[in-house]
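In the two assemblies presented below, chain A is common to both, partnered first by chain B and then by chain C.
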Partner chain A sequence: MGYPHKSHPRETAVLSKYFGDAEARTLDGWKKRGGYRALEQALQMAPADVVNVVKDSGLRGRGGAGFPTGVKWSFMKIGDGKPHYLCCNADESEPGTFKDREIMRWTPHALIEGCAVGAYAIGAETAYIYVRGEFTECIRRLNDALKEAYAANILGANAMGTGKRIDVYVHSGAGAYICGEETALMNSLEGKRGNPRIKPPFPAVAGLFGMPTTINNVETLAAVPHILINGAEWYKAMSLSSPKSTGTKLFSVCGNVARPGNYEIVMGFPFKDFLYDLCGGPLPGRKFKGVIPGGCSVPIQTMEEAEATMMDYEGFVAQGTMLGSGGVIIFDDAQSIPRMTARHARFYAHESCAQCTQCREGTAWTTKILDRIVAGQGTFEDLDTLLEMAENMTGKTICVLSDSCATVVVSALQKYRHEFEALITGKRSSSVAATPGAAA
Partner chain B sequence: MAENTVNLTIEGRPVSVPAGTSILEAAKTAGVLIPHYCYHSGLPVAGVCRMCLVEVEKMPKLAPACATTVGEGQVVHVYSEKALEARKGVLEFLLINHPLDCPICDQSGECELQDYTFAEGRADSRYREPKRFDPAEDFGGDVLYVKNRCILCTRCVRFMDDVHETTALAVVERGDRAFIGKAPDADLTQPWAANVVDLCPVGALLSKDFLNKARAWELDRTASVCTGCSQGCNITVEMRDNAVMRFKPRANEHVNKFFMCDAGRFSYRDLNRADRLEHPLVAGMAADWETALAAAAKALQGRKAHVVASPSLSNEALYLLKKLAAKTGATVRYHVAQGPEAPLPGVDDLALRADRAANATACELFGFTRTDDVLAGLNAGDVVIAAGDVLEGLGADALAKVGAVIAIGTLRPTTTVATVALPIATVVEEEGTFTNLRGRVQRFLQAKQAPGLARPSWYVLADLLASLGEKAGFHTASEAFDALAVGEAPFAGLSYGALALSGAVVQGAAAGAK
Partner chain C sequence: MSAHTHAPYEPVFVGARKQELDDVLKRYPTKMAALLPALWIVQEARGWICEQAMTEVAAQLDLTAAYVKGVVSFYTMYHQHPVGKHFIQVCTTSPCLCAGADKVVDAFLEHTGCKELGVTSADGKYTVIEVECLGACGFATPVQINLDYVENVTADKVPQILAGLK
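What follows is the complex of A and B.
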């Protein structure tokens, strides 16, 4: 990871290689480290060839859904007479996730280069980087880097002296979780309220300003230059397990753990080693109780499940959860699962865009019930209501915010039901250690 | 067309609709109303209420019928267990914060939340938490916003944004704190703003004018046409106790889609006036019809007549007025009151028109003279026939030198110059037809009883013609119209029955007609 801790020997630093290296932020420093060679190379290739390299590499979207990036790019029909757009989703609003932030803070040119290559590959002249508004340092770093890139004619009307136009803009979000949803992000970028749009039409048909648009995560785009320089085979080889999950992945680790931070490992790394070796295991005197491995929208794993997990798209699914955004939230035996679940639900209730009935009302109702259970006023009927409500909130709305809220509640209730029941019956949950401040 | 037609099955019924149609609209053609809140045929699709979820075979998830286009061979189940459960869930969510104050809510009885809850909702609520409470807000104009009842379907927002093309309303805040907010200093006084009340499927947007006046189930409803301007918006007259309570727009895709302007909406008040002429007058004294008609015939004897017509009389009345003018050798003049034109930007060819009269088009078709000075050419000793409450505008001075005045109208003449006054019914008290500015002939039906001895205008004019020796020979508005269709070339081929409730266009108007 390289920052703030020393990189662990079992990490594979590709994207995180220069984290903590202030010189890598400048254009000169970045060029010394091999920067913008991939863009130079890409601009000499046909766009379809760039897409094919990315397709061959097996790179999949790092934002959460894991859709193959090259396939996504191939949906853009070059020469359809319409302006194309590339959006970079740098909203990184998923709680527990802070990998994109580090990419933008330390290697802004890596992202700009990725955007330029991506834009060229999909036939776009314009790329927008939509950055979470709270990331003021990232916005500053990106703008500084953009200024340098334009001054050096890397971007602009004559990008790298090839006569091709590539413009990259940084746009600051205004503080909404939902603007990390791709169509809400586009609405927000257009100056509208950040509400997700009904799909179809999908962004590749009608996205930003109604034009064909591709939207990729920061980590996805930042990986593209490395793939172009080192080749698809090199990227594909970085996998310890499934051939469907290739390359390296950044995981953001937070919670009750000895060494929180960002870690970059190859796909298929054993989660058990990751938690106890790289991250240093639990804090002294504590035991891990569970993990949310992919940002707060994926199901909770028990330690039993987590320790059996191989860290790739398929590995997490095999153990009852998802890789998601790679935001690993760890909690130990001092934490109350009902209290944590209530906190999660409150987040979704706060962030629901209020369009769909199930989400607007369901997230708030879920929160009210969970708060009541945590306060010791719950009933057993409440648990049934929560599960039935979660069913009504799943797969029925425009976006998946509602599903995400339901996921947390359902997985917590399925895997830690005894803690909820202990609160209802008034008996202290035996699995919550006595810690000042921990509600139980 | 054949290759653009999609065949599918909805609730076991085969349906063929044009490609691109939504499942919701296709279901209507099969006689299946899929429950919905945010969808409205006159507004862009939002797909947010999630009430119209239906099961489509081979689709992994339930589909919102409003936002899903039909596909060849689709099999749609509206009432499958899965779809019913999903809609029951939506209804439960909508009701957790919705106050159950139906007994004091104006929408009660015409509330889609009531209707669908009754049809598909739970019998009880599992909600044990306090309901959210927000005070009501006056949106200005005629609109009151009762936040607690709002289900955030955003029909009002989309109407103001996309149809009225005015920035006035928006969804403010997020999650369950969200509400409809009004832009600062933008009261809903725009000319078409009160349509948001009709569009609101629940009791969140209410008419201040109608507030607490009547319950929806007490109202008698009659199809009619607005007389406020030459657009001829189709309306429903809603009555209680022989008084008009309100006008609501009635859908007609050729004329007004689903809307009507505020000026037309509140013109109902004129129909509840107390100063009605309830019996004929002869020289200011009450008289029966026979006496009055005889007096009128006598006044016309040997004098030249000068006819002033109201451009808001029915086609039938104007037709008889034309015959009356021919009989007495008179010309017919009419004046059309003017006002500023106020278009509804999002709908093609829909506006509050500058011509503030219902039937100026028929006046023109009948060859009447449009003028600002309706008494031009009047000679001393002439008889003025003022048909349709046009006497008041003429003034006593101008009429001082005439031989006689026959006033045909709904209101008591305030001037005493009328030799004979004949009481007629208002637009809601008789039936007949109007011709709108695009030549569309539209029927209006009788909603209430005329007061006292007042009679339908076509009936009075037919009688007056008969008293001059020309027997009209018809006894209903329908017969009057059919006679008109035979006698007047532009109306050839039209029949009263075939006009139905959406009307038909006169000859020669087809090119510009809507």
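What follows is the complex of A and C.
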């Protein structure tokens, strides 16, 4: 089922199959749809065998970085005598991304099952789902589902009657984009300010509460039960670009487009068909101008680049950007790229945790300069200053929030420089409509 | 409330709320990890988190009040001051801005009588703020009113939304 639209015939609905189907939220409804068979199966396998199936499937992290999930899991040393932890990253705060929310509010048991399987595979008795505080509906649905799962002895001291303990808890954040960064998330869960930690040590060595920890995105974990039930080969085959990028991926689509929403497609799908066929193309009388395809932190693509893209990890890189979180933000010819870029920069300035000077100062100054340009008071030197600052913000900080801000600004300047220049010379092209509020 | 009357502070963590905190503590190997959940319990009970509540939370979790304040101030969702009965948060991050979020903000400011962002209306009913991405960008413009999302909000729907608030 699609949500909020019906599934398009060219979608491949695995994770999104029950979006919009309220019955799938209950334990009974979920079991009728095949739920918890994968957990039952996993608990009868050796943890290393579960890891191997996931490794063979080619599943890569859906939170942004695309790291192979099975490989990440294999970093956890089973039998080291320490408590292990699984953290599910449900902070979903990357602008343009709203897929994990649908997984949690329509199919909470899918995530709980994925967490339980993941915890078992890495030798953890406890999994925490860290949900951004704003997602009160997700938190409520997950807690309702957890109550059912505990009452049915699917979780707890004797998970599915196997004598193994698996606990899954929901932990609510309290408003901070940076807590989606994995080490900041761990600090936040521990009851601290959400400041990212210097790595190494990596989480698999010393993570949550100083113990070996794995962090995975919601969509990553929700895919795991399907892989166990249907096999690694099935997952790999659901791709136009296997073996490098495998399986299905949820793309959240927003901005100036006829049909915003979530779409699930196989890796390697042609982006042009995706934009014009699945998403319905531009709004009436408008034309697409540019696309940020992987959540706000990846480079913007021109339409020429976007229309030549195959939608997988390698395909987006080949066309000057990254797959990221799969949050597709579309701007049409009524939008001003400088104005949108200034607003992106403001986002990073607001969300910087302010530990690193380059980030704290860089994001603030970048915003100030961009606002000035948008207000028609910029100079050509400002453009050089922006690029110099971007260089100073890249590769020098504790986490990559700083780099993301730089990436966004540099790509906009490279690909839409004429729009910035038009604002500086006072010759706004007709495609750059007036920018209400920009001077404020 | 008159500035001269200082109502005595009533502890949050008594009865059912103390029980709730005790249950939360069982989920974590450290007491400190219960800090964010404890602060949520306070905010749910009182609407905001005052200094005395921070001191109370600190005592419950063997932390210092200064530490608790440091954490409270990091997170944007914890209120360190009272807010309007209906706390209205409009996403204006770029994906919503390009779909017209700025006009939604203006409509809320006008129709609530708040006039300015972050200022509570004279009748104490409303506070309007802009927030960063609410994770509902495909339903532009999403607005969070207290705990609930209202989606696909456009400026013309604002009077009707406000009329529906109890």
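Here is the rule we go by: the second predicted complex is superposed on the first by the 428 of 440 C-alpha atoms of A that agree within 3 Å, B and C clash if a C-alpha of one lies under 4 Å from a C-alpha of the other, contacts with A are read in each partner's own complex, and residues count from 1 in each chain.
The rule is short, and it goes like this: contacts are C-beta pairs under 8 Å (C-beta built on N, C-alpha and C of every residue); 3 or more make two chains touch, one makes a residue touch a chain.
Keep in mind that what you see is a predicted model, and the values were worked out from it rather than measured.
Trainee: Go through the superposed model and pick first if A:Thr309 touches only chain B, second if only chain C, both, or neither.
Mentor: Touch status of A:Thr309: no partner.
Trainee: Looking at the overlay, does A:Ala176 come into contact with chain B only (first), chain C only (second), both, or neither?
Mentor: both
Trainee: Does the superposition put A:Thr397 against chain B (first), chain C (second), both, or neither?
Mentor: first
Trainee: Between chain B (first) and chain C (second), which does A:Ser297 come into contact with in this model arrangement: first, second, both, or neither?
Mentor: It touches nothing on chain B or chain C.
Trainee: Who touches more of chain A, chain B or chain C?
Mentor: Of the two chains, more chain A residues are contacted by C.
Trainee: Just to be sure I read the superposition right, which of the two partners does A:Ala349 touch: chain B = first, chain C = second, or both, or neither?
Mentor: After superposition on chain A, A:Ala349 lies in contact with chain B alone.
Trainee: Quick check on the output: what are the common chain A residues between the chain B footprint and the chain C footprint?
Mentor: On chain A, the residues that contact chain B in one structure and chain C in the other are 176, 193, 350-351, 353.
Trainee: Which residues of chain A touch chain C once you look at their complex with the stated criterion?
Mentor: For this pair, the touching residues of chain A are 4, 83, 92-98, 100-101, 132-137, 167, 169, 171-177, 188-194, 209, 252-256, 260-262, 296, 327, 329, 331, 335, 339-340, 343-344, 347, 350-351, 353, 436-437.
Trainee: Which residues of chain A touch chain B in the complex?
Mentor: Residue list for chain A touching chain B: 176, 178, 193, 198, 349-358, 360-365, 368-369, 372, 381-382, 385, 389, 391-392, 395-398.
Trainee: Can you tell me which positions in chain B touch chain A when the two form their complex?
Mentor: Chain B reaches chain A through residues 45-51, 53, 61-62, 64, 67, 85-86, 89-90, 92-94, 96-97, 126-129, 151-152, 170-171, 173-178.
Trainee: If you look only at chain C, which of its residues touch chain A in the complex?
Mentor: Interface residues on the chain C side: 27, 29-30, 32-37, 39-40, 61, 70-71, 74-78, 92-99, 102, 132-140, 144, 147-149.
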